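Paired with subunit B in one complex and with subunit C in the other, subunit A is shared by the two complexes that follow.
This part shows the complex of A and B:
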């Protein structure tokens, strides 16, 4: 059996090979910084070495004297533009070259433009700044941070969810825990570095930059540059890793565009790995206090979740994962509260499952602790707290296959062989531990447009301004067209990643497959309708089959009676060479402005906890085995099994790949990833892949993905639940629970390292 | 990166002559205007970051002397040419058969790609990866003498607990050097003043007040070979490296162990510790504690206590003391139990 291509089960599509896979692995896919451009000049950023204060004087003479330097963009040079905004498409309101105030370490203080990359780099290192510096506040507990309630500050968290009388229920609970958990600062570190290439032709601006939101960026960049959006084009055909980091546009894009206009040449700026830690977004550190109360037989009566999140001084970036944790189980009563902590840091941003990764980690580690406190099997504990309706609003789940996921994953993992006694399982010098956790991710979709063209010779072109960020969306969009139009994948081409294409929403929130496929489906159905009408018309090749059910397969229109007509004959009868249809999809419940907003680069999300009739989530269950050396305490993960149910699976190959990658990231979050902050200076210390550790191949052994069949026609026309951000939720808690099972040590602060287990 | 001159001498004598100018006599090799480069896996990285700023590079890869690229093995020594790549030495069957410690210390270092580039001589001269040394915006006594040490009160989980000074706590991260110091290797050097042999333990200098001076070498001296004596201990030898992930990470703690046993009694133990010290670190006190004793959990633990008796932790690296001890205990017992 080919593990990479799971055999499709009910409601699961074929494991079609990625249509751009060969291009990528042979180096033929051109990423934005690869696009060949004549006469290009190179940009290099200079950044601040303090986190708080003001630039009193900038010394650029040495830099200007470097041979090949063309220009230096710095204070004053952006005055003709509008400042960046926080929210929606903008990463931060910090406007580095508009204002000499320094809000965080590594803030942009200049962009050097030179004939060569080397000259630009050399000159950027010669730029020096004099600062009026002030003592910065680095993080939680630092003097000078501002702590405030988060609810209502961001669309991510409208209110602190609650249900029932938590205080009374918790006070009277027979068994309870009250614990604190934390997750560290994390940076995406995609292998493809961040870059901007800007070029002007007259008043037409083209920007090549890896992006998860080309339409939104077009609008936002035009606003900052005060030009007509029609004159701005963002191109991002391939993205080499994004995970949220390439969702919001950062200040650099407009700076590079201004530089290109000034030097009258295309300018390409590739940001160094180090500088990306400060000039891009990241996952900020979080803290949690979890209280769970239950009856002696393990029924939860009270759930309390308080969260604290770090953000920058000016921007209220909030993830607020209590919306998901508060709806996870049948709690009885729920009390949540999220606080945001403003420090002298760059503004955080989306990182794969932004709310769920930290918040569900805390919940699930606590659930395991609670199972221990109850003396109950952790799977059984979750099973008996399975809700009929979500506890906050009392709405039903559109579908919820969590128990099935637990059953199938536990069976495949061999959970029944686990000896529950802590430290009881060994293999030689290695302690063996097993743990599990729940994965959850809200199912949403957003308005999306697509254009589909079918020609008489059976060629299909799908166009949609969505983004291939490695998920396989280009492939599944092609699959949707192939299935609907009865055409082989070899005759399908899919164009994405260009703001000149029909607009699509930001590729975030795991909405792309659902949104894009729903739009492509609609466009294909319009093509079908035209073909069918012509086929059954009086002079058509299927005349007289007007009442038959028609299908398209193998480049033919097939009537339920058995008659069929070749596509080419239908086109001949129509006397046309191609049919092209443009379709707009809007999710159920969309506002009247939803489609208008799509063209303005604003995605209106529907689903998750937002809908009136039901809440919509995808679920999974993850099981992890760890080995801990009895002498030296290093932790290894030989085995992970995850079972996931996410409605219609478009492609079992790309779905498995997404979920597997998610769980691998989860292992990294559990054991490796952390940005270290020098608290004296509020500066990141380990700004490279030498010291910012992620798992390497040798760390990842067996990772099994089970795709649990599920049908949910309520979520969207394609029946698809996004799963891109499902796999990494819960993994770290499963690892923490397994480490506890092996060693008896409950580690609540991630990452779990030898340091925690050795003493 | 600053622009630099790049030259490729074709003989050792030419390389020395090109490096021998007045400055070479009184400046540490890492601060000289003219510096040697071989694999470039360390120096090129630091030049890009502005940490190293040589004005002229002498690339040693064109040196014609065949011995520089050879591994000679005979009954009582292994001699590595300076330009032998880490990967070649790690994969050499004779090296592995005669002394597993040497092969493993190389195999567990860096990544396959880096091992294919890095020369053995360059590897033993690799500079610290201290985060504060790597980035020029921090004060660092090693990079800029007298500027201070940001690591001392900063993020110092990776830092050393042995051989530290008030000026510097940067860890020496190399693995191969731990094998070499344990095995009493000799470094063969050629320079303006003629050839000389340096016992490996004399090659690196403790940071003291001058962490910028890292080795005993002059700026116009070139390592040409590393000779490792073999003996009754060579086959019963092992390198244990404990790190945050399974590959491509520096040691949090490592132990190089070679044992000469008489039954269960230790005739002679050779022990070096990596990941915990500012220089390649021979644990003589631990060796003395074991000599003439049976090797068991208790004596191994006593040896480990002796090895770390002088350890000085900082805020985030205190775990390295228990970890280092347990690493040594485990390495000793595993080496004892090797079938040779």
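This part shows the complex of A and C:
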């Protein structure tokens, strides 16, 4: 059996192979730095060696003397442009070449442009700066950081959610815990390097750069360059991994565009792995204090979650995962508070399930501790605290299949064979531990446009400015068209990743499948309506079937009475060769400006905790087995089982792969990933893939994904909940719980390393 | 850099100090850069161009390249074969894996000039003339052994090496011998399943 292609259950689509599979295994899929470009010049960044202060003098003479150097873009050279803005489209307000202030280590101080990559690299290393430097504040507990309440600072966290009287409930709880947890700085490290290739033809600028938001970037880049957005095009047909890192545009894009205009040639700048740690975004380190109070029979009466997050000096980047943790269980009362800590660091940004990964980790590790304190099975503890309605606003869940997920995952995992006594399970030299945790991710969608063309010979072309970042969205958009139009996948083509296409929202927040498929569905239905009207018209091939229910299958229009007409005959009757429809989807509850904002590159999200009628989330339950060597304390994860319910599954193959990859991310968060910081210099130390640990093949064994059937038509017309960010929520807590079960050591600070288990 | 993957026996250091006399430099490409004096007595400087002849996917190429150009950049920027990917340029991720004389090599850690006379195979050279995928390529499609696809050319070249070396005997062997190829989308279980399918098919053939 091919495990990559799960047999579809109710409300689940076929596991068709990826529409771009052949391109990807033959090297023909063109990532932005692959685009053939005649007469291209090469760019290389020079970056600061201090984290706080000012550049007093920049020395570029040695660099300019390198044969082949064409230009150096530095202070003053960006003065004719507007500074970057911090927000959903822009990564940071730090304008590195507009201002000699240094806000973080590794800040851009120049871009060298040369005839060859080698000359550009050589010259960039010869750029020297004199600094007026000041002692930097690296992170939590550093002298000089500024701490402030986060609520209202970011659209991600409008308020600190609360319910009931936490203080009274906690004070009177029979059983309680009060613990602190932390997660480290992490970098996305997609294997594709960040790059910008900019080329001007007259006043027309084309930028090839891996992006999760081509429309947003077009608007933002045009603003910075003070040109008409109609003259700017962002092209990103394939993205080599993103995970949030390619959502916001960084300062480099405009700098490379300016360089290309100055040298009068295309310029390509591929950022080194090391420089990307500072010039792109990252997942900020977080700290948490969790208090849970419960009655002796395990009913939670009080839940308190305080969070602290690091950000840069100027930008209040906040994720605030308390919105999700505060709604997770049937708490009697809730108190939350989130603070941001401004330090001398580059601005963090979205990284796969930005709020939920750190916050749900803390909650779920605490839930396991609480189950231990209650002497209760951790699955049972969650089951009896399953809510009817979410506790903050009292709204119903549009659907919530968490208990089903626990039931199915527990059975597949063999949870009943677990001996709850800590350290009781052993195999040879290995201590065996088993743990579990809940996964949750808000279900949202945003306005999206799509164009669908059907030709008389049954060829379909779908166009949508969304982004194939590995999720399979190109495939599922094609599947949606194939299903609605009754055409085989071999006759479907899908174009994405270009701001010249109908606009789509940022590919973030797990909204793409829902938003794109809803738009494609609408466009297909418009095509169908035209075909159906012509088919049943007086002179049409199905004349007289006007009252019949019509469907499209196998390149035919089929009437409920049994009559059918070939697609080509309907086109013949219409005397046309193609039907092309452009559709705009806007989620229920969209504001009147929602579509206008779509064209302006600003996604208006709906769903999650934002809707009036219900809250919308996807859920999952994850079970992990760990083995800890009784002598060396080496930690291995031989087995993970996750069961997930996420509404309509468009394609069981791509859905399973994303959830599997997500759970492996969770293992990485539990055991591997951490960007280490030299606290004296506020400098990242392990800025490469040798020392920044991510899971490798040998770290991973069995990973089972169960797709639990669920129908939820409240979420969007496609009935789809996003799942790209669901899989890695909770996993780290399940690992931590399993490590506790194996060893009796409760590790609260990620990642869990061998040294945490020694002594 | 391990010398075992470097049949010429040259390390980056010995090369950079000019102890190697590479072939005379004739600018065949990149005409805008300087060519070295064609004097055999003169030590070769890093910035000089050298002429190198090699075969790539069964075709002969003669290139004039900056001595510092990696095999990876030569393939991508000078030959136009962009299927081979740059993920770190430090030999840490495996995305640039190609076969050199049939052995898997990290092309970012190999100077192009070290590959004089060698046969290089990239992901573009695997498909048969009639368009049939190599068994490893087909297995990667069948088992969804990728998501974003960026590490995939390197994974596929490395998988061919792994099978050919006899290191695909068990799932544990495959995991171990494929651990030089990072997949950030984490398709690892699918990669293992794909290699098993391809291994069995190659053995049958």
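Criterion: the second predicted complex is superposed on the first by the 759 of 759 C-alpha atoms of A that agree within 3 Å, B and C clash if a C-alpha of one lies under 4 Å from a C-alpha of the other, contacts with A are read in each partner's own complex, and residues count from 1 in each chain.
The working rule: contacts are C-beta pairs under 8 Å (C-beta built on N, C-alpha and C of every residue); 3 or more make two chains touch, one makes a residue touch a chain.
Remember, it's a predicted structure, so these values are computed and weren't measured experimentally.
Trainee: Answer with first, second, both or neither: which of subunit B and subunit C does A:18 touch in the superposed model?
Mentor: second
Trainee: Quick one: is A:115 in contact with subunit B, with subunit C, with both, or with neither? Answer first, second, both or neither.
Mentor: second
Trainee: On the A-aligned overlay, A:31 touches which partner chain: subunit B = first, subunit C = second, or both, or neither?
Mentor: Only subunit C; A:31 stays clear of subunit B.
Trainee: What's your read, subunit B or subunit C touching more residues of subunit A?
Mentor: After superposing on chain A, more of subunit A is contacted by C.
Trainee: With both complexes superposed on chain A, which partner does A:753 reach: first (subunit B), second (subunit C), both or neither?
Mentor: Once the two structures are laid over each other on A, A:753 reaches subunit B alone.
Trainee: After lining up the shared chain so the two structures overlap, which partner does A:703 touch, if you call subunit B first and subunit C second: first, second, both or neither?
Mentor: The answer is second: A:703 touches subunit C but not subunit B.
Trainee: After the superposition on A, what does A:577 contact: first (subunit B), second (subunit C), both or neither?
Mentor: Neither partner.
Trainee: For A:685, using the defined touch cut-off, is the partner it touches subunit B, subunit C, both, or neither? Pick first, second, both or neither.
Mentor: After superposition on chain A, A:685 lies in contact with subunit B alone.
Trainee: With the two complexes superposed on chain A, say which partner A:202 touches: subunit B (first), subunit C (second), both, or neither.
Mentor: A:202 sits against neither subunit B nor subunit C.
Trainee: Does the superposition put A:632 against subunit B (first), subunit C (second), both, or neither?
Mentor: Touch status of A:632: first partner only.
Trainee: Going by the contact definition given at the top, which residues of subunit A touch subunit B in one complex and subunit C in the other?
Mentor: In subunit A, positions 118, 122, 688, 690, 695-698 sit in both the subunit B and subunit C interfaces.
Trainee: Contact residues on subunit A for subunit B in the complex?
Mentor: Residues in contact with subunit B: 49, 118, 121-122, 125, 274, 429, 629, 631-634, 636, 671-672, 676-678, 680, 685-688, 690-691, 693, 695-699, 753-755, 758-759.
Trainee: Would you mind writing out the residues of subunit B in touch with subunit A in their complex?
Mentor: 1-3, 48, 50, 129, 131-132, 134-137, 150, 153-155, 157-158, 242-249, 252-253, 316, 319, 322-323, 326-327, 329-330
Trainee: Which residues, counting only subunit A, touch subunit C once they are in their complex?
Mentor: Of all residues in subunit A, those touching subunit C are 2-5, 17-18, 20-31, 33-34, 36, 67-68, 115-119, 122, 188-193, 238-243, 270, 272-273, 468-472, 653-654, 656-658, 660-661, 664-665, 668, 688-690, 694-698, 700-703.
Trainee: Can you list the subunit C residues touching subunit A in their complex?
Mentor: On the subunit C side, the touching residues are 30, 32-34, 47, 66, 68-69, 73, 76-77, 80-90, 92-93, 95, 122-124, 126-127, 133, 137-138, 140-153, 156, 174-176, 178-193.
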